[in-house]
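Given below, in the form of structure tokens, are the structures.
Next, two complexes with chain A in common: one pairs it with chain B, the other with chain C.
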Partner chain A sequence: MSVEQTVARAQMPTQMKDTRPGIDWRGRALDRAPFLVACLMLALIVAIYGSLQSGVFTLDELNLDTAAAMTLMLAATGQTIVLVRGGIDLSIGGMISLGTVIAATRFTDDPSTTAFWALAILALGFLIGALNGLLISLLKLQPFLVTLATWSILNGVAMIILPTDGGSVPGWWVGFASGQLLGLTSPVWMLLALLAFWWWFRATRVGIIIQASGSNEKSAFLSGVSITRVNIVTYGLSGLFAAGAALFLITQTGAGSPTIGKDYILPSVAAAVIGGVSLFGGRGHLAGTLIGAFVLTLIGNLVFVLHVSSYWQPVASGVILLLSVLASSVAEKAARSRVL
Partner chain B sequence: MDLVTVKGLSKRYGGIVALSEAAFSARAGEVHALLGENGAGKSTFIQILSGAVQHDGGTILVGGRDYRPANPDAAQARGIAAVFQELSLIPDLSVEQNIWFRHEPRTLLGTVNRTEMRRKTLALLEKYDFPALRPEQELRRLTLAERQIVEIAKGLAKDPRILILDEATSALPAREAEWLLKLTRQLAAEGRLVIFISHRMAEVRAIADRLTIFRNGGTVAAHEAAAVSDDEIVTQMIGRHLDRLYPERVPTMTDRVALKVGNLTSGSRLSGVDLSLREGEILGVGGLQGHGQRELFQALFGATKASGAIELWGKPVAIGNPRQALTGKDGIALVPEDRRGQGLLLTKSVRENLTLSVIKRFTESGLLSRQKEAALVKEMVDFLRIKAGTPEQLAGTLSGGNQQKVIFGKMLLTQARVLLLYDPTRGVDVGTKGEIFQLMRDLAARGYAILFHSSDMPELVHVADRVLVMRNGRIAATLEGDYISEEEILRAAMLETRAA
Partner chain C sequence: MSAFLSRNRLIVLAYAGMIVLLLVTAIFSPGFLSVSNMRSTVVLAAFVGIVALGQTFVIIGGGIDLSVPWVLNSAAIVMALLCGGQDLPLVWVMPLLLAGGALIGLVNGVGVAQFGVPPIIMTLATNVILQGLILVLTGGSPTPSAPALIQFLSVGRIGGFPVIALIWLALTLVATLLLSKAAFGRHLYALGTSATVAEFSGVPTARTTVLTYLISGLTAAFAGMLLTGYSGQAYLGMGDAYLFTSIAAVAIGGASILGGSGHYLGTVAGAMVLTILTGLLPALNLSSGALLVVYGAVILITVSIGSETFAGLGGRLRGRRV
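Right, the complex of A and B next:
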């Protein structure tokens, strides 16, 4: 503390707010760099898409694209919570498959039966996730390994229930995704609900404890946090959102599939990373993840309107992922060099 | 009446006794200092008090009631909070989120009430006249000193009856350290008990009402601070030591400088270290733990980035990584602290461990010469008296001392002639310790230059030709001849600098 600052403090003894120079804008900008890069990418992709295709800047297009992205968004919401905790959840692939096959074999035209099974799927998702968390804590195993194993198990169970794609989902359930309110379809409302959930969740004590455990597990433990409980809640939520993703996915496919879940495992991680969520835990926002999910979805559209082979989609996704990782590591280094 | 009374407290970790029969008593409204060397049992004692670990034997009474906290939360519930050195702070949370972590004021929605949290933060900071902190700033942007201050705020936020400060001043600059001492007195005046650990005698003198001295995992004495002299304290901290373990100190150093280091600096851990190590010399590096010894050894071996000038056998060299340190004849080799993790491949044989990094030396036109290898291995096993059935025995099955000898052998085969030995006798039995010291002497006589750190002070006193004492990343003193003693090392490490 310099002499001037000491004097300044002595002069206003009841107010100790900011005796140091203004807000650290550069630091804040560096923190948000990965998120800003993701926004730029999305803007660029939308611009290219809009120049090639008419009617991109309409509500219809927003409704369509959000419906296309919503399964990934739900899966990636759970993944984001796990990543912020400093873990990873591969089992969501198995949970999504299992959810769709249970729904496709159990849902009937009777709303109460369907509602029961829908709730059962959500509960199962939470329980299986909680089990992941418990195993990780009790066996002191890597989240990667535990969830890889549960993914395989869930996948197998899904195959046993429904060996090939099929089953059926009531029409009114499928119709949910195209239901409208104020010109916006239900997926867009779900998107807003996810953002509201995150706004609330990250400010709750549980949300802060999960973030803290990802930021520095040992410090959190020393502050009295039960790491086992944190893992149970974190992976439980991830399983819950994976189950939700399955329930939404069947509105798009109208059937169950024992293998479809694997298509969401790595993209859910990629969406979060593109949106600036740190793989090392402690840092990241759902808004970034949702933008990342849009980026990944719109690349598909772009590949389509460019009339090139659809195999270019994963290539483009990979390149974008690399660029995002690069952007965040450059920003991280810049931020770190300032601290030391 | 005493607020805390401890009797016969003990704690074991496996076969190692960390604390035995410790006794302690302290009153409300006093500042009570704990003194002792590293490993004397202070840390274990305060870990037990703060609920981080549980004791195996003995009793603790707090406010006349039995006290046995299962975790830090339980300790806090009884009004005991600790401010630790290994900080319990979360890098990605803000200053105020850290201060109130898990105790945040909340709104009806269950979210954190930011307005209320800010108000409470400012009230707390103002009440204790904290140095300026920005409540909304993320912790990872703060300096080490600022983090320490946040840690103190976090401790005080729980309004404890008993506050434990574990070397809280060691990370603070002079002005803030002074503030903390004032704060400590203020807390005592409010009727709290402050248990204060510091290696700085002047601080202890300035604020402690009473002090308890720890040695070898037990308490040896408790004093009214006014009734005891510095010398008595230091003597009680050290106690008596046996010293038949050590070889005769025959000076073998020449005038030739093997390693000359100028202004070696690495972050905040190492600042402006100068040293010169001569051929045939064993130069000890001492001081309290965590004052830059590890960083010095790593920097010299190229394992940590550092700036400064290094001359090896009179020639300036750049050491950017361990490979450069080891390169060529007469290079620099390190015996690392964690030999199981860094030095030794436990699932490989003694032979493979010895020769892995020097495989080029017995390769002829691309092919391994088994004979050459076998000859070298035999020579080394004999020279070091490695007790292994055959050279093919797995390194992991050897005793700690013999494992350490294999690492010495590995290092000698690299043809390095400047040896950095970082705590080479840690976890080694007494007999082998003696052999290692004799070996060091023999190597010095053969013209090796040895830089030697030990966490055990008597080893430095009895083995090294000269001893550098480090404090806060600097060389605080260079001790020679009769001045090499535990008292002098401790004095230089803890008290004001004497003429070096």
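Right, the complex of A and C next:
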């Protein structure tokens, strides 16, 4: 392109730029900037980690890291659905605690009993989430306060069932996380399953409605969407994934804990936000959230191989969270100025 | 009078709830209304109330401050480290740490107001960063005991009244004046109701937002120092409970989490309700798990009463449109 052409293009009115034929790569990149920033961060962390530690680029390492991140990933999957809906779910902390506590006190060596209780925990997760959604819709309450209250209630129930950490689950349940197929452990297959789930889910009627009511509740309602039903499904799914997170978490810990869930509430939001999910609803992709969860998990590994105090881990995750939010808000501003 | 009641229905309800709760507790545990027991209840409520003061301002302005736990904890630990159990250093340590708390609040506020970071994320990030820095600083080891002067401020008495209750009373007066009489208060309610309308009406929205977070940093740091005096020592994790209780006190006090409504006077009742509940449960022989269940139920009930659905219902019952 000659200098004259460049100048001419720069002087063109903005609306003409967008109507030119071909794919608007810059616009697309700006749209996906938060996600790209997350990918870049993960690549950077993996690169630093890989250069300091041998054996990082092996299947073993992938298996290990995915197992370490999977509880957060499951919790964050539910949180992503809620965030895309434009809400927030703090009650997942209580549900995760309650799930591990029920599992640790009810699971036996008998597979059918264990299977029954595992299904019961999943059903309970969905029901409690659905109740959150119902309360939010019927009483027109803020998701933050409703789920704060139900978090407290669930956490309390978990403490009543099992006041301190303890209980146990059968060995074969714990062994699930190290089960292998084609060299990949079950957590890696779960990760692939989560991605497949999202790929399917976002194109379903329910998925589209959740996203639509997250971007504009009023227009979704005016298009005939029942906000009550959307909320019941959204928070129900979040509860379901929290229950799943509890069932996976107990393969890692082997025991129940009435307080462990609170460690996943805000990190699940952080993972989603690092991955480019907007807190204002309507925008976000699970792939971003999963990358965010990997970023948060690998910071721990990085702190370990850098031989600095492990206490730097929260500092690093806080800084990364801020950087990614700033990056996406800058990109969003740029994208908006192009549209206007 | 009736205009006052209808405008502050939720605050009046919070106080009514507090009184009912006091009476119920007195039935189950006759010694509860004794002077010494009321004194210790007020002292415990004061810590919640002071932390919730800043939270009230932030929430009325439409934000939320999740950095409260580690601002509080940082102030407590740094104070204990710098004073080493001596009174004299407090002369410069207290102002320094109050300024430190205000600085964290300033960072939160600037992040929210200038960079458009959602309050949840901004304050969550400063919270974990502070947590990490304090862990690095202390290496997880305990700190020296609290100076005698700060112990006097939190457990001492003047003429039978706990000093901290008098401090709380003074802070309540200041907060009430700020909210009800000062231009800042009017700006704050305008900002919380609609940031866009406030901006176009000439309200300095950015400055008002930053100020709310600054106040929250200030009160959290102050509460941290006082709490060190109360427990005799600063320890890691001492602020964790105050995230939940500070937000719960504001919600029970009748403020909307969306901003634009509520008053610190309501939060005072909220802090009292939460603290009385902690006293009620041992009397009923209930565990700490049950306390969490009751906390959750109380929040759900109070925010339900404040919701549009209930307000509409009440209006219909009285035979007029709301």
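The definition used in the following text is that the second predicted complex is superposed on the first by the 320 of 340 C-alpha atoms of A that agree within 3 Å, B and C clash if a C-alpha of one lies under 4 Å from a C-alpha of the other, contacts with A are read in each partner's own complex, and residues count from 1 in each chain.
Keep in mind that, in the parts below, a contact is a pair of C-beta atoms (placed from the backbone, for glycine too) under 8 Å apart; a residue touches a chain by one contact, two chains touch by 3 or more.
As the structure is a computational prediction, the values presented were derived from the model and not from experiment.
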Of chain C and chain B, partner touching more chain A residues: C
First, second, both or neither for A:269, with chain B first and chain C second: second
Which of chain B and chain C A:142 touches, first, second, both or neither: second
Which of chain B and chain C A:112 touches, first, second, both or neither: neither
Chain B versus chain C as contact partner of A:205, first or second or both or neither: first
First, second, both or neither for A:54, with chain B first and chain C second: neither
Overlap of the chain B and chain C footprints on chain A, listed as residue numbers: none
Residues of chain A touching chain C in the complex: 88, 135, 138-142, 144-146, 148-160, 163, 258, 266, 269-270, 273, 279-280, 309, 311-319, 321-322, 325-326, 329, 333
Interfacial residue positions of chain B with respect to chain A in the complex: 52, 71-73, 76, 84, 86-93, 97, 101-102, 104, 106, 109-112, 122, 125-126, 130-132, 134-135, 137-138, 140-141, 175-176, 267
Residues on chain C engaged by chain A in the complex (per definition of touch): 64, 66, 111, 115-118, 120-122, 124-129, 131-133, 135-136, 139-140, 244, 247-248, 251, 256-258, 287-297, 299-300, 303-304, 307-310
Residue numbers on chain A that touch chain B, as the complex places them: 1, 5, 9, 13-20, 24, 27, 31, 200, 203-205, 208-209, 211-212, 214-216, 218-220, 222-225, 282-283, 338-340
